[in-house]
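Same chain, two partners: subunit A is paired with subunit B first, then with subunit C.
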Partner chain A sequence: MTETSREIAVQARSVGDAAIIYASDYLNKLSGERIERECRRQLESGCRTLIINFRDTELVNSIGVSILVGVIDAAEQNTARLIFSDVNNHTANLFEMLGLTRHVSLATNEEEALSLASEARPRAS
Partner chain B sequence: MDTNTQRLLHTFSALADLGQEISDTSDFEEMLRNSFHLLLGSLAIRRGAVGEYDRDAGALRLIASRGIAESTDEALKLATDHARELASFGSTIKLEDATKEAHRFLEDHKALASIEIDLLLPLVVRERLIGVVLLGEKASEEKYSEEDLEVLSALARHIAVGIHSHRLIEEVEHKAIENQRLYDGLRKIYKETVHAFAAAIDIKDRYTQGHSVRVGKYSEIIAREMGWSEEEVEGITIAGYLHDIGKLIVDLSVINSPERFSAKDSKEMSRHPSAGYEILARINHPYAEIPLMARYHHERIDGNGYPDGLKGDQIPPGAKIVTLADSFDAMTTDRPYRKKLPLEDVLEDFRANTGTQFDPAVVCAFCRAFLNEIEGKRERRLLNLINRNYDKVENVTPLLNELLADFDGAAMAASTNN
Partner chain C sequence: MKQTTILARTAREDFIGRDAELRTITQQGSAAKSRGLLLLAAPGAGASELLRQAYDQLFLQRRFSIPLHFALKRGEASETETARRFFKTLLQQFIAYRRVDPSLCEAPLTLPDLAELSLPADYELIAGLIEGFERSESSGREFVDFCLSLPHRLSVEGRTAYSLIDCLEVPPFGPELIVARELIQAVTRVNGPFAIAGLRRHAGELLHAADHLSRDVSDAIHIDCLSDEDANRLIDIVARHDAIETNQPTRDLIVQQLTGSPFYLSEFLRAARETGTQLTSFLNCQRLYVDELMGGSIKRYFDRIISSVADSPPTKRTLIRVLQESATSETRKSSLWTWKKRLGLAAHEFERVIEALHVYELVNSTAAFIEVNTDSSAWTDYLRAQYQLDVTGEPRAKVVAAMLLGTLKRAPQTMARKYRRESALGLSDLLPQFNCQSIPSVLLHYDRFAAAYKGEEAETIEAGLVAESDLIRLPQVVHSSACSAYLNTTACDPNRCVVAHGFEEAEYTDENEIIWLAAEIDSKLEASRELTEEWCDRLANLAAENRFDRFRIWLIAREGFSAEGSELLKQRGALSSGAQQFHLLLARIESETEASTAKADEYEMIIPMGEDSEFIAARTVEEIARRVSFRPEAINQIKTALVEACINAAEHSLSPDRKIYQRFVVEDDRLVVTVASRGIVPGQLSRQNGQEASMADEKEGAKSRRGWGLKLIKTLMDEVEFERVDDGTQLKMTKYIRK
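After this line comes the complex of A and B, so read on.
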């Protein structure tokens, strides 16, 4: 089942026990905090995989990186998986350079991200 | 773009953002939290804290943190000698020292022992420890390099300057408030001293006790009616209190003479405005015109007053007000050689002498203030002063209206000409 919800400017939808959160064009303090709040809300409501979709994101500044590191911590504390999808080359290089990719899987698109999410879940016998 | 260029651009952008954050002084703690996140984000550092050093408490007050003592509001002790050593590193610190200091800090704070703190950066401005930045591991899990430390030190220097500037502004504001308090205190003392002087002046003259204070109050009411500013009103009130200070040098037997003054006594008595000026001119009053108001309170519009025989606009406006207030109080109180005059007679005296002794604008302002109080439009201050000696004050309403009708035009014309 797919549902879409909107909290302030953050777009998010759930696919099974995964939540897809859409980042804005510029990930700075304001938009970053909204994403962080949404991620924490999803984790608290039992989400096991967080997918942050960066399809609209042109730029991530240092505060944005710091907030994403906070999201990584929150996901690890909740033993949830974190996947970044649709990350442009520049941002992907930044995440790689800063070591975020050690904690996060990168997916080319949402479909791949969802596929990665399902791989991570143990199959019922 | 190669990795080094991208790293450089990311750092440069963090520095630019930090500059913007620090210049925003609207919310200090928010500014510091954002600056701290910029610093963490510059190298994707997973945990850290920034604390401001409180020299008096000998402790660090954590202002922003992630993953370090987040749940505690308690200050972290930092001994004075340790703070001094940290300050000695200045605004740059070697990697080895930053690591060593982080371990030392953890040893002093066993409660934080489970947290990994890899670096401690002192925030130093002008050889004074402003605070510290504690940093845990990077998301890359790589060890900190000298290059990393250079980036972090540059950002930390900005944060240190931000904290320092903010505290300086706070200090200046605090001092301004303190100065205002001191100034208010001095003004209070000044006013109390003036009151004491007024009482001393009036005690010398046993027939006119309370005269100076009443003249001050009448002058205040008239000036307020004339639209003077609060500061000017305060000044003229003081001038009223002190207008007769020159009487302190007049022979006591003259002042307390139970009869009308002889020519000789009048001459002695007429010294008091100039003497008052001489006394008051030596004092640096908050209101510069006070000595002049004392000197000229016996001048007349027609030039027949004393000591200088000034005419019309040569007489300062404040002195014209004190003149009327002084005359009104003199006529409405008992004197050794006569009883107080009926209010109607006092107002008739005003009518007879407006334009010669009294300024029409001042007389009109007095009448308006009087009428406004009778009609309940103003607080009863004038009436409370007059009522002590007179019954049915409201009976003079027609006279007050007549005076206004007679002289308001002249007062308006005079103010237009001016």
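After this line comes the complex of A and C, so read on.
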């Protein structure tokens, strides 16, 4: 398996002012940086909630996690909400162990994530 | 049925204790790819007979090369004479082999006889060789070259020879040495196997001219004296054969006194047969021994060496005096300068004397010091007798009586040394096996062991040790010797008091250097505070005198240590074990060594660094873990740990080959994953063994970006340790199966 053979583009879609970004099967430096770039792009275009969907993610390494920390920072700076969805048990434990869950909400699926996002959205005055 | 002997002087079944060596030599002749073999022998170790036995085996096996045996002789100084004998001996052996007639090997045959006896297929070759021999006989140098080229000439005609050259009798200097070198050079240049036997301290001189040899020699066999058991068997067999009565105590005494030397033993038993001496009592044994020292073959053996270097009676007398006075001095060691001055010889003569004494292992000579070798009782007894006879001029009868009385008085001590050696726990064997193993620390703290396990059943102790979480990592011992080798003034049993140099942790650094000073204490009961203190002081003094900076004392007492003794050990920071702990430790180390050499369920994998290759490794370990019924959560933990280990290897090592070496070993209750890479060792990495992972303590928490790998691994796996490797790092991670 080579870097070039692996999935190049990060899949993402927008639902209202939320963006759902799909992580690949292995969250490492390369795929992590792609997610980070997409997240920053979404934030710059006015996205208020970032949902990273881990449904395809089998494995996350510590470099991948450290990049997610960068995404957490970026979201905080932009006062945006960050939600991880479809995280398998092992990865959830890993995030817990590394303290990520103190800064990120976990949702079992996209629906729950979107629901969390709407709860958090500031009401129009 | 007894096998025929051809050149051997002992029947094969009576040739004791050299089976492995014999196999190596005969297999050398059958392995087409291998070339040369060196037999490095201690004096009197029986290497000549070993070579003859090998010849017989090769002759009878008739499988590959044609064996040709030649023994250089002492006193055969003429190059021409040696070359002539070489040619004729080898040609005769060649014809004997081809005719499958061993009796021809040593028959009195002329060259025309040999031509007549050659097989029709060989006749032209043999006739041509004999003609060439006769033609060049008067031509000096050319004749020598022709004779020595016989193995080569046979080889080019398609008859590959296996040359077995015995150089044991070649003296350390003189014309014989020059001839031997030429012969070795001729034999080793032939495209066929060869074996050369020589005294181990003489090999360098013998092979001096054969500078091409290093690339051809595939192996070296060290031939030492026989083990006690083999020497006992040898005496038993020879004594039965010669109708000499012996018993176990006398056999033991003879073995100890003659240090298991096949030469001394054979000569001693020959003397018993010739004089009709029954070796049934210590008195009979020592009478015969003293006779051998005063006028028998043991005396002749040493006389010959002394006479070869000290030809005039005054020089001989001076040499005996210097040797005896050095042997009985406190250190047995003097400077080279002192020896030279006392012997009063010219520089060249002096060098010859010392070289000869060193080669025959009568002294140990270095660039600065000479030490008389006192390991051999026969040598020191000979020296004492000769000193009394030739230097102090004692009457012979008085010397004989003194020798007999002395050896009889010494016999119980000689036996006691043997018993003590045999009853020793085996520190000198155990310490060299220390290789960074992790063992329950309770095995090195007697008080804790006694409190937890004293009086418990073996199964309970074993189960308890398996469950112990307080582990201690042993050093890697790289050199160990008896304490007595460090301190002449401390009387220590070599098998019971050992100095072991090594390294803690997985790196060869100054900080990791450590010296273990281990001693087995004699005590019928638990060792008292006084005895414990005496040994702690003794070993601490040894450390001080040798300027050992970092050292650790480990005392072993069969019955352990009293409460006061244990308290003192604690104060001194010393380790302690009883015999039971020692045996448990030994068993663990040996089983680990066996396990590491024979693992049935083992997978190996090499992946390139980078390009997500760790993901492939993770998938592989997942498949292996699934097969041995790990739960899914555990499988994920193993995968993540492996990925982290691979990332660590790739990021920190500056690996020259950019590869990660992985081994997955499935054991009954666990999976052991080893990840190794070449390159540099990150400073902080190898010092992390045994440290607890502390993810929770992470102050920065999620906000600290990197450096989680090793902590993650320690959290996810049950046991994690860096193993010592010469280059790079090797991380061993263990996960237990919990069903």
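As a working rule, the second predicted complex is superposed on the first by the 115 of 125 C-alpha atoms of A that agree within 3 Å, B and C clash if a C-alpha of one lies under 4 Å from a C-alpha of the other, contacts with A are read in each partner's own complex, and residues count from 1 in each chain.
Keep in mind that, in the parts below, a contact is a pair of C-beta atoms (placed from the backbone, for glycine too) under 8 Å apart; a residue touches a chain by one contact, two chains touch by 3 or more.
Fair warning: this is a prediction, and the values are worked out from it, not measured in the lab.
Colleague: Return fit or clash for subunit B versus subunit C, each positioned on subunit A through the superposition.
Modeller: Here the two partners, once superposed via subunit A, clash with each other.
Colleague: Quick one: is A:Y26 in contact with subunit B, with subunit C, with both, or with neither? Answer first, second, both or neither.
Modeller: second
Colleague: On subunit A, which partner's contacts cover more residues, subunit B's or subunit C's?
Modeller: Touching more of subunit A: C.
Colleague: Is A:V69 touching the first partner subunit B, the second partner subunit C, both, or neither of them?
Modeller: both
Colleague: For A:M97, using the defined touch cut-off, is the partner it touches subunit B, subunit C, both, or neither? Pick first, second, both or neither.
Modeller: both
Colleague: Show me the subunit A residues, by the header's touch rule, that subunit B contacts in one structure and subunit C contacts in the other.
Modeller: 61-63, 65-66, 69-70, 72-73, 90, 94, 97-100, 102-103
Colleague: Quick one: which bits of subunit C touch subunit A in the complex? Just the residue numbers, please.
Modeller: Going through subunit C, the ones touching subunit A are 611-616, 618, 633, 636-637, 639-640, 643-644, 647, 695, 698, 701-706, 708-709, 712, 715.
Colleague: In the complex of these two chains, what residues of subunit A are touching subunit B?
Modeller: Against subunit B, the touching part of subunit A is residues 29, 61-67, 69-70, 72-73, 90, 93-94, 97-100, 102-103.
Colleague: Would you tell me which residues of subunit B are touching subunit A in their complex?
Modeller: Answer in residue numbers: 1, 3, 6-7, 10, 13-14, 17, 34, 37-47, 66-67, 138-142.
Colleague: Report the residues of subunit A in contact with subunit C in the complex, numbered from low to high.
Modeller: Touch residues, subunit A against subunit C: 1-3, 6, 26, 28, 30, 59-63, 65-66, 69-70, 72-73, 88-90, 94, 97-100, 102-103.
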